[in-house]
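Have a look at these structures, which come just after this line.
Both of the next two complexes hold chain A, though its partner changes from chain B to chain C.
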Partner chain A sequence: MGQFIDGPLWAFSLGVFVLGVIWRVVTILIAGNRSDLATAKGSAGKGAIRAVFSRFIPERTVTSRGRIQLIAGYLFHLGLLALLFFAKPHVDFIAERITGLSWSAMPHWAFIVSAEAAFIGLILLWLHRVLNPVTRLLSDLDDHVGSILVFLVMLTGCLALAQSFEPLRLIHLLLAELLLIYFPFSKLMHAFTFVMSRGYTGATMGRKGINA
Partner chain B sequence: MSEKFEQGVQALRQQIDARISAYFSSCVHCGLCAEACLFYTETNNPRFTPIHKLEPMKKLWRREYTFWGKLAAAFGLGQSLTEDDFAEWETLVYDSCTLCGRCSMVCPVGNDITYMIRKQREGFSVAGYAPDGMKEATRRALKIGSPMGVTYKTLKAALAHVEKDTGMTIPVDKQGADYMTLFSSMEIVNFPEYIESIARIFDATGVSWTISSKAFEATNSGIQIGNKEAAAEIVNRVVIAAEKLGVKYVISPECGHAYTAIRWEGPNLIGRKYPFEVIHILELLDQLKKEGRLQLEYKDSIPMTLHDPCQIVRRGGVVKQPRDLLNSVAEHFTEMKDHGVMNWCCGGGGGVSANERAEPLRLQVFNRKKRQLDELGINTMVTACANCRITLEEGLEHNEMDAEVISLTELIADHLVKDESKV
Partner chain C sequence: MARSITLQIDNRNKQHAGWLLLLLLCLFVQPFDTFAKASESRGIPSAVVLNPAAEIWRDVRQREQLTNGTSQVKGVDSGVLINAYGDQWRNFRMQQLIPIGGFLLIGVVIALALFYLFRGKVAIEGGESDKKLLRYTNYEQLIHWFIASIFLFLAISGLIILFGRPVLIPIIGKEVFSIIASACKEGHNLMGPLFLVALILIFIKFVRRNIYQKGDLSWLLRGGGIIGKKHVPSNFFNMGEKTMFWMLVLVGSVVIISGFVLIFPIFGQGREWMELAHVGHAIGAILMISVIIGHIYIGTIGMEGAIEGMKTGYCDLNWAKEHHDLWATKAEQQGEAISNDKVSQLREVSSAQPLGGHVQEE
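Presenting the complex of A and B:
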């Protein structure tokens, strides 16, 4: 079983993830957009690039009325990114199994801080999702499945940190593989498509000479 | 299943482009768009969350464009879009959205939710699920030429008054003029002072201009109801008239969505670029001032604030010009806390003011503007949209507020340097 999780299932899940993400992006692109015939006031390209980055900085409406989502969102995403790319076992795994490239891992204390930030952020976001009337109305099964899968991957990842108990590492890897398989067919795709969304909106607004 | 419903679904299907697909793919249901929408902030009703208003289109997208939707459909499972969805969502799509675009500015993944609602209205209008007031306005616009039933005779009477009051001759159908100006019905009927103002400004600045007797109406109810064929026909009338007169520019008046219609959507609706430029009246005034042709005298000492019309500012890109113009005639111009591209809508845009059944809700959400004014303690609000103006005036009256709404163009005209030779 361990060999299956470590070998064929890993290759399969990575393949589904990579091909699935490409498929999703391509299907969006081929839906196409009509070219805009209105004379532009500003640059669509600059507007797109600006929006991709400027939306990381929240507007005052968000900082005043959406503080929970803002703080929890940043805690979760930054924590998760730090864990994903700078936790020592991940750095080693990526170097050995995916890219062959290695970089410095974060120290243990940074791992603890990142993990705490990610857990607090994710739990807060999920609580907000189920308790706030707006997000409760909007949320569907996909939102909950995505949140729970990510939570379980993070949880087992922390439990497997010491790497002293092989079954824990395998459970973590198995859940991560399930997440990779689920990813292209879910809202988790926003990790890629947000660039397109921001870009499309930014380009339109950029043509009008508006900073979006 | 009715034929109209099928046509509505087909129209909706045709709206799903790469942008819409990317937007639905990116939405993580964070709900932040609700916090930017005055229909939610003033009612606390979660159903008014902007992205929730797109459930019918999302349902179609999910079923026909996603893996799970297609899989479910293949096994006869999952939910299809139904006529009940149109019926249930009609008020959300038309009564509780002014297409103001504020939600589009705060979405963390960058979704232009307003664009999506504008597109969704295309399906709703084809299916027949649109407010009667907007249907009637569109019918009048196509049949008579104006959503309020204003004919050239009505305009001619208004022009006669202006000519009598000013002693000027208003140019009509003047071949080869530089600028052809448009009006909104609201200006002709409710605010004819606007016509007099631009006549005086153009006279003072030596602008070569004309009005077309064939196409003077800027209002485009096809844009508001979401009917691209109607919208295209209304735009086309202006384009044909401008081409016949050989003008270099068409001036969009103080009307928000008219600017969106003629400036930004127009060429795409008719499928070709214009042989002329479209300029908003505020852009032209600002340009004339910068060129030194628009000479203004003295500044008003009354404290004033600016209400940004959403379609001109946030969705149109005319942000700096109204501020520069107002600063040139007002000694004490103070911005509202949320202003410019983050202004709060008057509550009557996107056809809401033409939708009678939406009136109680519109007056309720005016509380946002009321609070903005109360915070400032200023009683003079300048704006540049006839629809905003009438919506604001109704809101002020409803709340028994002692405040006035002034047109920026009219304010500029009042500050023209007097030509002594004409006194």
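Presenting the complex of A and C:
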């Protein structure tokens, strides 16, 4: 079982993830834009770039009414990003099994802070999703499965932190593989498509001369 | 080939030498053993110091005193060869903390089960009303379930760490337990600091409503209405809830501080501080878990309508009048009671209560 998780299942899940993400991105790109016959009043490119980056800073209404979502959202995403690419076991795993390239891992204290931030963010965001009437209404099974899978991957990773027991590492790897397989077919794709989504809106508005 | 044969002969010689050494050791030890048995049989006290090293090790244990020696190794406790208090701590953990703590927790569960058999579920006397009151905002529900989920994880993992050896090893064996114990230890250490964040959020939001008021003491003296049938007036939170809040804050603070002493040994704390912190951490946690078991009992099977406020934000008007009548009467007079249909509409279709929204307070 351990050899299967470590070998064929890992290769399969990585393949599904890479091909799935490429397929989803390509289908979005080849869908194209509707042609706009009106005379352009501004630059679509500038509008797209502005929208991609300006959306990282929320509007005032968001900061006042959705403070919890905003703070929890940043805590979770930044924490997860740091854990994924700069946790020592991950850096070693990526170098050994995927790229062959290695980079500096973050110190242990930074790992702890990142993990704490990611957990606070994810738990608060999921609770908000199920407790708030609006987000509860907007959420479907995909949202819950995605949140729970990410949570379980993070949790099992932390439970295996001692790196002393192979079964704990395999449970973490198995869940990470399930997440990789699930990823391209879920809303988790926003990790890649947010750039296109923001860019499209920004370009459309930029062409119309609207500072959106 | 010749080298291989030489190696085999060497190994055989080594084996022979090993057996010979073992035999000599047995012969050497045997007279002492015989002497000890002979002494015991003649009624001579057997506390004759046969091993001169025993005196040295007794000195090393520093005669129940904690004395720092000198060492080239620089670090906390590097001058202490054997911590004399370690035995006291270990004995307390194994002989008092684990059995008494275990019996306390089991006792609480049995007491609640008996209470349930005797009293049953406390029903809303007037039945459910067609009106509701907003009791908790989204934000208040959010932080309540946040601390609840963190607490549950810490309680379960902590109990496994504390009681796993006597309770789980006989059932699942040492190998499986070692894996679970390692996972629980890592998870407990990592999730622990989240409890601090959750407790701060809870404290800031709920402290005002948990300050003791006139009438709280009479609620306590009359058993909160659960014992007996007589109605006892109460505010937004009753004396029991307020006491639980302050217990959570004060005992929780002890548990958090002691937890930080245990998981961050970077502030120069030695073993004796860690042992003290462990004792405080475990006693505080067992106390908190016992109280929270009661809290969960009332919220789930103990009382009709009690959990509704934390699940939906709204509570039944009759429930509020029976258990928090001072608050409920005031809220009803101010026109805050709304129909069940309106509540369904607010919760399922229409706009949401903004986060951080305000609940009318006492």
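Simple rule for what comes next: the second predicted complex is superposed on the first by the 212 of 212 C-alpha atoms of A that agree within 3 Å, B and C clash if a C-alpha of one lies under 4 Å from a C-alpha of the other, contacts with A are read in each partner's own complex, and residues count from 1 in each chain.
As a working rule, a contact is a pair of C-beta atoms (placed from the backbone, for glycine too) under 8 Å apart; a residue touches a chain by one contact, two chains touch by 3 or more.
All values derive from a computational prediction rather than experimental measurement.
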> Does chain B (first) or chain C (second) touch A:Leu137, or do both, or does neither?
Replying inline: both
>> Output check: A:Gly66 vs chain B and chain C. Expected answer is one of first, second, both, neither. What do you get?
In response: both
> In the superposed arrangement, which partner chain does A:Leu127 touch: chain B (first), chain C (second), both, or neither?
Replying inline: second
>> One more residue to check, A:Ser43. First (chain B), second (chain C), both or neither?
In response: neither
> Is A:Ala115 contacted by the first partner chain B, the second partner chain C, both or neither?
Replying inline: second
> So, does A:Leu161 touch the first partner chain B, the second partner chain C, both, or neither?
Replying inline: second
> Of chain B and chain C, which one touches more of chain A's residues?
Replying inline: B
> Taking the superposition as given, does A:Arg24 touch the first partner, chain B, the second, chain C, both, or neither?
Replying inline: first
> If you lay the two complexes on top of each other, which residues of chain A touch chain B in one and chain C in the other?
Replying inline: 65-66, 69, 132-135, 137
>> Residue numbers of chain A touching chain C in their complex, please.
In response: 65-69, 112, 115-116, 119-120, 123-124, 127-128, 131-135, 137, 155, 158-162, 164-165, 167-168
> In their shared complex, at which residues does chain A touch chain B?
Replying inline: 24, 27-34, 36-39, 41-42, 51-52, 55, 58-62, 65-66, 69, 73, 129, 132-140, 143, 184-185, 187, 189-190, 193-194, 196-202, 204-205, 208-212
>> Which residues of chain C touch chain A once you look at their complex with the stated criterion?
In response: 138-139, 141-142, 145-146, 149-150, 178-179, 182-187, 190-191, 193-194, 197, 346-356
>> So in the complex, the part of chain B that touches chain A is made up of which residues?
In response: 16-23, 25-32, 34-36, 40-41, 44, 46-47, 49, 51-52, 65-68, 102, 104-112, 115, 263-268, 271-274, 277-278, 314-317, 319, 338, 341-342
